[in-house]
Amino acid sequence: MVRLRLAPELITESWLNTDTEPSLSSLQGSVVIIYAFQMLCRGCVEHSIPQAKRLHQLFTGKPAQVLGLHSVFEHHAAMSNVSLTAFLHEYEVKFPVAVDRPAVQGSIPQTMQCYQLQGTPTLLLIDRQGYLRRQSFGLLDDIQLGAEVMSLLLEDQPEHPFAATDSGRGCKPAAD
Amino acid sequence: MVRLRLAPELITESWLNTDTEPSLSSLQGSVVIIYAFQMLCRGCVEHSIPQAKRLHQLFTGKPAQVLGLHSVFEHHAAMSNVSLTAFLHEYEVKFPVAVDRPAVQGSIPQTMQCYQLQGTPTLLLIDRQGYLRRQSFGLLDDIQLGAEVMSLLLEDQPEHPFAATDSGRGCKPAAD
Amino acid sequence: MVRLRLAPELITESWLNTDTEPSLSSLQGSVVIIYAFQMLCRGCVEHSIPQAKRLHQLFTGKPAQVLGLHSVFEHHAAMSNVSLTAFLHEYEVKFPVAVDRPAVQGSIPQTMQCYQLQGTPTLLLIDRQGYLRRQSFGLLDDIQLGAEVMSLLLEDQPEHPFAATDSGRGCKPAAD
Amino acid sequence: MVRLRLAPELITESWLNTDTEPSLSSLQGSVVIIYAFQMLCRGCVEHSIPQAKRLHQLFTGKPAQVLGLHSVFEHHAAMSNVSLTAFLHEYEVKFPVAVDRPAVQGSIPQTMQCYQLQGTPTLLLIDRQGYLRRQSFGLLDDIQLGAEVMSLLLEDQPEHPFAATDSGRGCKPAAD
């Protein structure tokens, strides 16, 4: 038996491509697809960002939201917000992108720690009730991804039978 | 208002890659995905056949069936069954492939006529009740295709409200 | 020390895409690039034929000649001349293509035997004096190929110092 | 009649991937292939950098030198040297890369101005005597590139008949 858990809130430093800073709570009711990436990660640039853009375009108008999460865990100075902003412009990324909040100590940013991400790219799929349904490091086939997102879109929304009742939203930002 | 119609039965000359010759009636209950192709059509070889193979692999074990339909309307002598058999072997196509029955007169085979296919490749999506839900000439994006097939897989199966009641299965084979 | 040998004449059954049937002797003075292929060989269709077409286009007007050699050693009935003709049409192959003459006995056609080709695709590069300078099974990088062809084009044409003096053109067609 | 001109010296701020800072003068005798790029230029990342890497690998051991030239003319703060260093590491670029010296005024760096580059990517081919033989904005086919580089490698090296005698190396760095 798999115990579902609510997807922990993103712990962010800032947002790009959006005026309102979305939270997972505020997106409840929508399927949320999060691409954790780094702008200098080749697999991200070659596969995940283009896939995210296709997904964003195809599910426009549906209760589904594509988000980027810039989780920098190496070459921090090389991937500052000014560089990320130019990257998103040049690669024509239009969906909101969160900047993962740096750790108080160490190189792994806080959302990355909270979700125990193995690296980038990682895909997170969150259902309309807010439960984390997929977390996978690496690349995912387009057909399978389309099928999974559609499956989550069409889910009835009763209480999940196996959902944890007390997990809340998980992680908390580190005290500065 | 769109009036759905039951997908006409395939009018076949023979089948490859299968011992039992499937009919759309016998596949009722499954989503049926049909790729009409020609073995010497470049768009088919480069895009549609590889996509069909991915789909076949990803939906194994689901009530979904990928079928090929070899609808030859040009270069007939060049794409005989012996050539098609070798093609399917070399391109590692494992799903059943129907050979569209040649016309009694003219170059357009009978299923192609019945469905009024514009050319190859054409994709047909048939829902679990047997209704034709998509017929599109050309190429379809993988994410969208995955989403559509999943959507059909998850459909409840009451009577379609707009279904034609008297259409039956449409076309009939030509009298020889 | 490598002893160069004159490239054996192609032993052909017929030619497509040409009114005059070229021989290697008649092409002396030009660099000759031969792609041995089968129309149902995937590596040939996906890589070698497109590469041959690029090469044919780029070296138009130079003393260089791209030739196809259809060396069928399996699925013979599937790759007859009528099928090959349609294939060349659909894939927009414009350069001359020789059909390798079938063996009197066995499945390996005669030019393939003579050159001891390991399979398809195989690339043959013949210099302007008629010597065989490369015979390689599999795929070759575009940059390297461009460099090699150009190198052969620019060669001075004295007698090759290591050329065999008595090899003649090698193989002979089998007596029927 | 085309008057050849000596390729102007690169006006650089710094070099990466090299201990000795090459100059075009010091490379005389070698074919020099320069890729002007920006690390956030998509065409550069997707096509030119991979092509430059293939070229660098294929011509190792020949009198040919691949160089990068990071000519930033937009998003300057986003493509600082710390970002470029990480980019070269992640994309496994091993050949020397010059950083084009920023303008004293305006956004176009000095080598870019001197060569009147139209944008990135731009390819420069310099022959073994130091003459600029190709300057092309955009993408170049691999076969053609391989052929051109080989052609320059094989050139005899008398004085070019049409070479300018008084052009020197052209541009000078701006006075700071």
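Some notes on this structure:
Per-chain residue numbering starts at 1, and chain names A, B, C and D are given in the order in which the chains are listed.
We adopt the following convention: a residue touches a chain if its C-beta (ideal position, glycine included) is under 8 Å from a C-beta of that chain, and two chains touch if they have at least 3 such contacts.
Everything quoted here is computed from the prediction, not taken from an experiment.
The chain with its C-alpha centre at the largest distance from the centre of subunit D is B.
If you average the Cα atoms of subunit A and of subunit B, the two centres end up 37 Å apart. As a whole-number value, the distance joining the C-alpha centres of subunit B and subunit C reads 39 Å. One inter-chain figure worth recording: subunit B and subunit D are separated by 53 Å, centre to centre, where each centre is the mean of the chain's CA atoms.
Taken as a graph of touching chains, this assembly is arranged as a ring, one closed cycle with exactly two partners per chain. Chains touching one another form the pairs A-B, A-D, B-C, C-D. Taken together, the subunit B residues at the contact with subunit C in this complex read 40-42, 45-46, 75, 77-80, 82-83, 85-87, 89-91. Taken together, the subunit D residues at the contact with subunit C in this complex read 51, 54-55, 58, 141-151, 154.
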